[in-house]
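The same chain A turns up in both complexes below, where it pairs with chain B and then with chain C.
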Partner chain A sequence: MDEVHTTKVVLLGRTGSGKTSLIVRYISSVFSENVKPTIGAAFSKKTVQLIHGEERKQVVLAIWDTAGDERYESMAPLYYRNSSAAIICFDLADRQSYNKVDFWVKELVEKVEQNCKLYICGTKTDLLAEYGGPLKRAVGPTEVMAYAKKLNAKFVETSSKSNYGIDDLFKLVAADFAGFTLCEAPPIEDSLRLQEPNQTDVNEKSSCCF
Partner chain B sequence: MGQQQLQPVVVIPIMKAQIKELGMHGSLSRCRFRGVCWRVFLDCLPRDTSKWITATTKLRKSYDEIKEKYLLDPHQQHGKDINIDNPLSQDKDSVWCQFFEHTELMQIIEQDVNRTFPELTFFQSARVKNIMMNILFCYSRDNSALSYRQGMHELLAPIILTLERDIIHTKSKAENLSDIAQHLLQEKYLEHDSFHLFAQLMTVAEWWYLQPERDEMRERTKDKSRPVENLLDVRLFKYDQHGSDLDTPSSHLAKKVNYIQNVLLKRIDYELCSHLARLDIAPQIYGIRWIRVMFGREFPMDDVLVLWDAIFADGKPFSLVDYVYVAMLTYIRNWLLESDYATCMTKLMKYPPAGDISYFIDKALYVRDPSNNMKPPQYEYGATVKISKKEVQSNTSNAKTERKFLASYHAKTRNTSDSKNKEVTTKQKETSLSVVMKSHNTKPINIKSTRDRLSKGEDDVFLSHSDIESDLCIISHPTNTKTEQTPRVSKPRSISFSRKRSGSERKRSTSTSDPIDLNLKTKFEDLKIMCKYCSSKMDSYIESLQQEMQLLSMGDREDKILLAVAGLKKVRDILKGTLPFAGSPIEPDDVIDTDILVPAARVASRTPSPSEEFESSIDVDAEKEDLKELVDSSSTATDDINSHN
Partner chain C sequence: WGHIAKFAFNEKSNRDDDKLGLQIVKDLHRTGYSKFCDKNRPENRAALKRVLLGYARWNKAVGYCQGFNVIAALILDVFEGNEEQALKVMIYLIDYVLPKNYFANNLRALSVDMAVFRDLLREEEPDLCQHLDKLQAEAAEEAGSDYEPPLTNVFTMQWFLTIFATCLPRDTILRIWDCVLLEGSTVLVRTSLALWSILGERISAAENAHEFYSMMGYISQKMLEGRIIDRDALIQKIYSNGSFPHPIIEELRDKYTYNITPFTSSTSEVPSKYSTSGSTGSTRDSDDDDENYVECPQTPPAKCLGGFFPYPEEGNFYCASITDYLEYLK
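Coming up: the complex of A and B.
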């Protein structure tokens, strides 16, 4: 009999950073270009199976999507209270979006959850030139990683459109929660290179505009 | 002439009540002037129609001014002083400084506008997007304390859609429109008119967006040194009510949704209210979205518009919103009652599709004011409601009827209150919201809905639209036409002030309804349903009485009893409507004529006082019937009758 654990995960981040798309991709395996902005919050759950040698665990992720409009902030604690994990999203091609990450981190740490594990998630890799997209990276990976390290947070990159890194992200969240070390879980730095959809622009990858 | 000029003044208050009724009953959905009705409801148009043109012109001009003030393009503003107005200026008054300051606001608005109802192509056009952006930007600047908040765009979108539909619907007949209608419905002013309608809506809706001051919040948060809770708490998913209340000053909206769930819902559904409380479901979590976009996410667009018709018609401060909220909870009540926290949450956050939007309006009106509104038939999500054992035992036929009841509200509203629907239809047909105006046109021009009332020839213009039944009519009249001068004040049912009318029209134009009238009709319907209920109940009691009589010996009292039964049958037939009620009490000798029909031979003679038994059995049965059952089964009776028809 598998052990079953339940945990609450909350997604935060600036409006338009792709929180809802990330969840929709993870839960329903679909992607649409225009997702209505979240008003209030949304709730969904999914079970993750973890196998480590002989040990098997089931983790039920209760995932809370929130509104990106930070002026709704007084509502936010309602959603992120008791979260064991927070995924803070930003659009890799939008500097303003990245600038808001710190706001949400402070919000979370200062107001409610000291014990909450943090994941910084750069979204929309499909838009980046290095993956064949039209836009440039707005913030370099080294900058984000340095910031993440300071917070003791993990940094991942995803694309809801090309379904890149999403299952891994939630698996990582579940494993961390259950106290598993995923054998296939890459170190933070390597997580960037996980499942690269487009290998052609590897050289460009290290370059960044900031 | 003097009288003619007076008319609009007389018309409008009545007209407002009239279109209000239409709005309440979902009848505006086929109205080509729904937007105009909304403008009347939300006070964008004054009561006096003769002032519509000037009022509209004034509002449009004011929007132009607002727009000029906020949507300044620094490239085109040749500032008075180049030292202040240049892109590198640090001066706060510089047009450039203001321009940069609000670029982010514009970006956020643009992002949401691009994501407005992606399923509807109307909102994908650059023209509409541009209109939305301008309006939202101007509104945010003009209300800088509130600024723009996500969700506002979805309050604006249906407004633009509705006003645009008005314009499109009347475009091809532009030359037939009166001066007023032409003035009101102009494509180039879509943005202006939408802005003001939106601003009016926001005078109420802003309370749903306001948040407590950030500083105030920080203060409070710092004061609280909340103990760190165990993350593996059983309340893991849940909202920590006490903690949250202490930490965060509640917004106006949070108070509102809490009031709805904890007070309004409790009043009518204690069980559901306590279930939600037990599960610790905070209304903020699902309710904020329901209210902020006024149910725009919970129902498809056309249903949303019908809902808004009623909310707007009901008027500010849109108190109907609270009761629609309650109706939405009760619609899924049984489903919620069976569910745990996570399932409840999922359903509340992803509201199940509802068959008939009018249920929510009817129910909301009923919950708010049960004495003046008809109780809508029971209608629930999934229609898988368990019938309580007691009911099944006590009356199987009742259980059957109840089950039937849950089938579909749609079918029900059609059948149950067929006559009510007829009424509404009649109302639609007969209502000509005529705003009489003087036209310089010599050719008679009519825009109207009233098929029945107006002669065929006059109807040609619009009757090609078979779906159009009710319209706000803005009828232009030729100055040289002989007209009927007297408003039918003596007949409050008619609000037609059409001055040109044939004799036959006059005959037909007697019944439209004002609120009092509708009230009476509703009461009449109630009584009718009650009669049907009583007659069907009497049927079954008489039957069981007769069966019992067969087993009993009544001796010489038999005649009396038979007479009494016959009398009861007569009363039943009167209630059923199959026997005319002459207005006089039933004569004892009448009774014998009726069809009785207990074979005397089979009647045994045992019970000393059968009449007593009869009475007591009625009493017991009557006690069993509660009010709910009464309405339910009586409407089923109507249901059956109507299905025969």
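Coming up: the complex of A and C.
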């Protein structure tokens, strides 16, 4: 019988930064452009299997999605309290969305969520020109990485539309929680390593994360 | 009205429009109604935007609130795209039927209704509440936390904020909205009570908070698809819960609105039945000054949205809203 651990993960970020889409992709493997705005909060759960040599662990991620509307910000503490991980999302093509990241970081720091590991997640890579999309990056990866490093946070990029980086993000969260390091993960199909990066800035990102 | 409509639908841009517009545009295709998702029908979305912007211009204190997109889309659909009619109904619904400050002022009136709802649910479904309290307490203990939101909160809050528009199928929503328009906003509390009561047996099977939330996620989806909840039975249940006006909801609303409610030192304390507040009520007249409501020892604490904040050491701490409490923490 594997060891089973449960941990609470919260998603925060500006409205339209793709929090719900990220979770829906991860849980249900689907994507919709028209996902309704989250009112208040929403809960999902998924189990991640971790294998490290002989050691096997199961981590149940109890994931809280939150509302991006500033009106509902005062409710956020209910859902981030006692989280072991906060995934703070921003739209890679929207500077305002990135500017909001710092708000949530400060909020978590101020409310003394010491045990909460921070993940900064740039979403919607599919929209970026470098991935064949129509938009330019609103914020350079070097800037985000420097910021993440300062916070001891991890920076990842995802696309819920093209299913890029999502499983890896949640595996990373689970592995961090369980005290597994990703580089030691076995090279099996379900391995925790990110797919091979093929671009310079993505490369940088990976080296920053792992 | 002509003047209001002219101002609300003015094509010239007002000072606050840009920021509002940006937020509104982000949500236009996210209503759940295919009519407004269809990229080939941009005129539908343009109409929705005009109605939402019109409302935000009309009531600047409320502005645009996520969830309005769903409400406005449904109204617009009912009025077959007549924007002026849709705006009129939206204004009437939000500003004249729902309690004041449902969406503004830190959702204060919403917090009040949440407290009222919980009192009544405890009265009507004691076994269910006891079970949910147990799960809540266990979840708090497991997390090493001294508080955990009441389990029903996250769903009830969403129901209230969208007037059920994100949780039930269209024909059922319209029946409930008819009731709201005819009978007033207590229908919101009655409907929530009826829904939880209908779901009671199912959710009693949940053995822990996560299971409850997962189960409710599934149930919410089924409800939206028109399963689980029988429309006529729901309406009957809403109407079988007390007379109109409701004998207790308004009283409880007053109590929670005007009482500046003390945070007590016990999270596990089960608030006394609302009937005990009736006995307090008899000692005061309805036209008493607000000051008389400040300390009301026999009434249970409202604890804002449900007692999920840690309690301060001193017993003399008073909290009027979440924001006040967060200020206090700082």
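One rule holds for everything that comes next: the second predicted complex is superposed on the first by the 182 of 210 C-alpha atoms of A that agree within 3 Å, B and C clash if a C-alpha of one lies under 4 Å from a C-alpha of the other, contacts with A are read in each partner's own complex, and residues count from 1 in each chain.
We adopt the following convention: a contact is a pair of C-beta atoms (placed from the backbone, for glycine too) under 8 Å apart; a residue touches a chain by one contact, two chains touch by 3 or more.
Since this is a predicted model, take the numbers as computed values, not measurements.
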Query = After the match on chain A, would you call chain B and chain C a fit or a clash?
reply = clash
Query = Once the shared chain is lined up, is A:7 touching chain B (first), chain C (second), both, or neither of them?
reply = first
Message = By the touch definition at the top of the document, which applies to A:84: first (chain B), second (chain C), both, or neither?
response = first
Query = On chain A, which partner's contacts cover more residues, chain B's or chain C's?
reply = B
Request  = Go through the superposed model and pick first if A:54 touches only chain B, second if only chain C, both, or neither.
outcome  = neither
Clashing chain B stretch [against chain C; choices 115-123, 439-447, 511-519 or 637-645] = 115-123
Ask   = For chain A, which residues belong to both interfaces, chain B and chain C?
value = 6, 8, 15-16, 33-45, 62, 67-69, 71-72, 74-75, 77-78, 81-82, 110-111
Note = Seen from chain A, its contact residues with chain B in the complex are 6-8, 15-16, 32-45, 62, 67-69, 71-75, 77-79, 81-82, 84, 96, 110-112, 114-115
Note = Touching chain A in the complex, chain C uses residues 23, 26-27, 29-32, 37, 65-67, 69-70, 103, 106-107, 143-145, 147, 149, 153-154, 157-158, 161-162, 166, 210, 213-214, 216-217, 305, 308-309, 322-323, 326, 329-330
Ask   = Once bound in the complex, which stretches of chain A touch chain C?
value = 6, 8, 15-16, 33-45, 60, 62, 67-69, 71-72, 74-75, 77-78, 81-82, 110-111
Message = List the residues on chain B that touch chain A in their complex, please.
response = 104, 107-108, 111-112, 114-118, 147, 149-151, 154, 211-212, 214, 217, 221, 228-229, 231, 233, 235-240, 243-244, 247-249, 251, 254, 282, 284-289, 292-293, 297, 342, 345-346, 349
